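This report concerns only the one structure given below.
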Amino acid sequence: MSISEDEVQAELDKRRPLSTTYSTTRKERDRVRIVSGVFNGRTTGAPICMVIDNEDVDSRPYEEFRVKPRPGHADYPAIIRYGGFHDYRGGGRFSGRITAALVAAGAIAKKLLSLVGVEVYAHVSQIGRAMAGREPSVDELRRVYENPVRCAVPEAVEAMEGELRKAVEEGDSLGSMVEGYAFNVPPGLGDPMFHGLDSDLAALLFAVPGVRAVCLGRGFEAPSLRGSEFIDEYVVDHGRITTTTNKCGGVIGGLSIGTPIHVKVAFRPPSTIRKEVRTVNLMTMEATTLKATGRYDPCIGPRAVPIVESCLALVLVDHALNQGLIGAVLK
Amino acid sequence: MSISEDEVQAELDKRRPLSTTYSTTRKERDRVRIVSGVFNGRTTGAPICMVIDNEDVDSRPYEEFRVKPRPGHADYPAIIRYGGFHDYRGGGRFSGRITAALVAAGAIAKKLLSLVGVEVYAHVSQIGRAMAGREPSVDELRRVYENPVRCAVPEAVEAMEGELRKAVEEGDSLGSMVEGYAFNVPPGLGDPMFHGLDSDLAALLFAVPGVRAVCLGRGFEAPSLRGSEFIDEYVVDHGRITTTTNKCGGVIGGLSIGTPIHVKVAFRPPSTIRKEVRTVNLMTMEATTLKATGRYDPCIGPRAVPIVESCLALVLVDHALNQGLIGAVLK
Amino acid sequence: MSISEDEVQAELDKRRPLSTTYSTTRKERDRVRIVSGVFNGRTTGAPICMVIDNEDVDSRPYEEFRVKPRPGHADYPAIIRYGGFHDYRGGGRFSGRITAALVAAGAIAKKLLSLVGVEVYAHVSQIGRAMAGREPSVDELRRVYENPVRCAVPEAVEAMEGELRKAVEEGDSLGSMVEGYAFNVPPGLGDPMFHGLDSDLAALLFAVPGVRAVCLGRGFEAPSLRGSEFIDEYVVDHGRITTTTNKCGGVIGGLSIGTPIHVKVAFRPPSTIRKEVRTVNLMTMEATTLKATGRYDPCIGPRAVPIVESCLALVLVDHALNQGLIGAVLK
Amino acid sequence: MSISEDEVQAELDKRRPLSTTYSTTRKERDRVRIVSGVFNGRTTGAPICMVIDNEDVDSRPYEEFRVKPRPGHADYPAIIRYGGFHDYRGGGRFSGRITAALVAAGAIAKKLLSLVGVEVYAHVSQIGRAMAGREPSVDELRRVYENPVRCAVPEAVEAMEGELRKAVEEGDSLGSMVEGYAFNVPPGLGDPMFHGLDSDLAALLFAVPGVRAVCLGRGFEAPSLRGSEFIDEYVVDHGRITTTTNKCGGVIGGLSIGTPIHVKVAFRPPSTIRKEVRTVNLMTMEATTLKATGRYDPCIGPRAVPIVESCLALVLVDHALNQGLIGAVLK
């Protein structure tokens, strides 16, 4: 398959800090270099190694967090896990920066999926109390990067921006929901039990810093509903089997059923806020406080849109490769 | 470690159909035999193989589902995935019966965890619109199998039974929520990224038939909350670090922080209901309907309590073994 | 794919003790049952579980070996590895009986390979000082089970029988060489580095009890040869590329080159002999001796022929499945 | 654990082309950089990423090999395997250069093993017809890098140099044998069946370009020997169990028995020689010839000594980590 650094870079650029007042001021250019696995513009069959160097790293604040661990961050358990020897600079392996690698890999996965007609999108459906209010159309999803909050429902953008502005003013942060969609996934993709599409998706999504809940379709509402309300009935449409509703999010028993894969991902509000929070000085084991200065992302959702897309693409492409769908097209 | 068939059987018995009017009438004795890996009452270090034979299998209804796939079940995607050659009897690999194996394995995991003081519990916190209303105490969790709805909050049991009774009368089914807890998990258990405790837990839980959403702690509410509302602040308690709240469910960055692991699992309402549902005849590709007769589980939650416990135990014991916690005790 | 217990049983029967005076008198019927993964005579896509129950197990002699470990057997390191808790009956996981499972799995692998025209054979090319003397033809390999020493070169059988007879008379045992061949393997099968055909083959073959050396083609002689003597030159034959010789055994860089895969496997002489051997009493840490009574296999090679065939088949079918060769035929 | 680039570099330097007339003239500085996993001179618990950039790459000759594949090299099967898209420069993934990564990883494995007293060595025991003639002592093994043929038996060096000189003069190449040893390996290290020490060692060694045969101890001779000649009898020595001989190479049933691990690795003579060899022009499918110019390694053995050491170290450290031996020391 042909692939270029520019194609991967275009995906990475979607993950960059938003060019608005709402986001961190760190310069993260995230320039990707493909160092192996691509030759003469085409994949060679060897593993593809891509490198994104860190730039503009100011490690000083992290010295403090070794002694005074930030609540809501992995500082404290990481010290225990690695006996204090881990690389704490920039948050280390627990930093959101690690998702740049997911997006770079996702760029290749998306391109492979496009060979079999599968398209993957995501958007922000909730920021704090502002909701999208409805499902976006495919066309709206395709234009999701046109607004800074990455919400594909145009009429909801303003309210979300308002929520963000207010939180920033108050030095606080906001939780968010990102919804991912994959269209044209053929039925029967996936495996039962340990590597169902839902298991694989959930595992990868929970690896993204800040994710606290994952559901398929309308899974968050499932406990409150009755069977007669939750069932997606089968109907024939233009000679093909489909369902009238998609509450299952396109996955049953770990297998796709041919309707769009639909996943909801709940992100916590970032833990770094400009308010005083209580913590413990690990040297003295005495109570102390922390208060962030500088600017930080007040909300994870907008920057997480390409990450959720990538997670979806990576899981689907793995199964598609395993089942020989993509090999059949490449030959 | 010593282990007996009786110990495993005791766990399996918790998963059996409830002895109330609310549950399936299939006789599932689920008698377990340990066929290898245990010798003279002790584990040998070899893989433990346990066998649970199927009994009382009536495959006749499943013949119909090959032609008229049940909405909400994996009948249809399984036909596509396996080209029609899969073993459809009893729902095959997509049947809830597959969870008996998880519970048997979980029995061993629980016993290993008990060697390092870790205790694992679960209970039903919601059935339809009836909620537990509060967190149960550890003592209440220990008595969870005393009532048929497996809710550890005594005052909520009656309302849940009412919901169940009404749904059964109307031939409908109900969604439910099961919450799992692990106590005394030391901080620093887990791994970053692809094998975080949360990733591994979510992957295993989504492998359980009927699971549609998973969160850590108060993850389902995260999108609506602000950072100042969601942070668990660190404090010193009896010389040890802990948090005042546990919204993170005991896991940050894939690592335990020393507070109880707390996971919520949303189960869909069972798809088999005594109401007519639309489906498609795969032979004729014409619309048709299905309507269940006989009795089926109207709600997954109560029988899923030992399954959620087992999933928790299996993930924790894997990490504890990897990190040498249990080996240190066994020697 | 269609598969029956009888087909698997036919392969297992090849591994049974030889009906001659040269072999063990233990009754090992090795009856196989397929308990899952096959339905209506066809594989379902689910994992295939086959069970071979142990019969005629006399565990008494093994009680002695716990205290007086047999030289050349895994008794001693197994006691250390598993802290004395392992199941020592019949040699446990270190017994040659474990290879019955390889042969059962190999039966399925062979059938899958036959779908793409690949044929797998093996024969005994050396017993003690008696050698086959030449490469057998494919037809000779097909008739390998017609003589009790499983040597496909008819003129060498008598000398091998003589070696065996003499060793049995003297209460001693003999080393042996088994050579495996796979015909019609297409070029380009395999992977570089960690999962080359040669790496995978060697790993699996060394898992067979008694294997002490493995080579591809004429690898055992490689250190003594010059480049000009070892190179297989490429020529065109009927429009296809092949080589004039096959010293490389059909594998270069982990990949098949289209010539027959040819592997040599050196088996140690069995350690159980009717001669007194020195060992140590683990209770007293004093020198002692052991001397086998009863009858044992004096040579591994003849019974190992179906095992080497199975190892070859299993490795090739894994790569063929990964590369989509078999999937393309099954559809 | 502390580790520096210099320590890794020292191991890599052992793999560099020999500073004699016998070796390739390509400049391969193999400068290693540690880019992650080490912080403040200590490992962090994160994966260690090391980079060795290629220098002095002249890809021109490899253009020819795409059309006229070199006999004995992977050119031809790689073209088939990767549909012609693979990166053929310098031999690509099939080049011996790939072993630099094994040596870099081996440097870390060796240091970890040194924490538990395990020492790993290797030497060249045969070049063409010149043999070491006897086992070297540990002290001799420690000085193996003092002579250009890397043979630890001083009296054999001259004959090996003579063989090399003659082969170079005639434009030919030589096969070789490298023997690896690991001392102070505790008994009971390893696993049965699929991950025995022998299986893992063989798999990794066969991944090294040029390896054609592997044996444990005196495995190459096993087929010719009798049980009474091959058994290593147990004796007590200073209160510990050991054996009088070590024909098993320290491994039985996949487990170490406490004697030195001893492995023999047969390397083919390099296929690149200054003699005309027959091949096929893939464009025209007509017979043609190739003849190397320039200088190439006439023998793999001397440069493979640190590679065999690394393979031994990597396999042993994996098992030692799994069994908690090293963790116990690090804490």
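Here the chain labels run A, B, C and D in written order, and each chain numbers its own residues starting at 1.
Here, a contact is a pair of C-beta atoms (placed from the backbone, for glycine too) under 8 Å apart; a residue touches a chain by one contact, two chains touch by 3 or more.
No experiment lies behind these values; they were computed from the predicted model shown.
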item: Partner chains that subunit A and subunit D have in common; value: B, C
item: Higher-contact pair (C-beta pairs counted), C-D versus A-C; value: C-D
item: Most remote chain, CA-based centroid, reference being subunit A; value: C
item: Cα-centroid distance, subunit B relative to subunit C, in whole angstrom; value: 43
item: Inter-centroid spacing, subunit D versus subunit C (mean Cα positions, whole Å); value: 26
item: Whole-Å gap between the CA centroids of subunit A and subunit C; value: 49
item: Contacts with 2+ other chains: residues of subunit D; value: 46, 81, 93, 192
item: Sites on subunit D touched by subunit B in the complex; value: 46, 192, 324, 327-328
item: Sites on subunit D touched by subunit C in the complex; value: 69, 71-74, 76-81, 93-94, 98, 126-129, 167, 172-177, 186-190, 192-194, 196, 198-207, 209, 211-236, 239, 241, 243-244, 248-249, 252-258, 266-273, 275, 277-280, 282, 285-287
item: Parts of subunit B lying in touch with subunit C, wherever the complex brings them together; value: 36, 39-40, 42-46, 81-83, 85-87, 89, 92-93
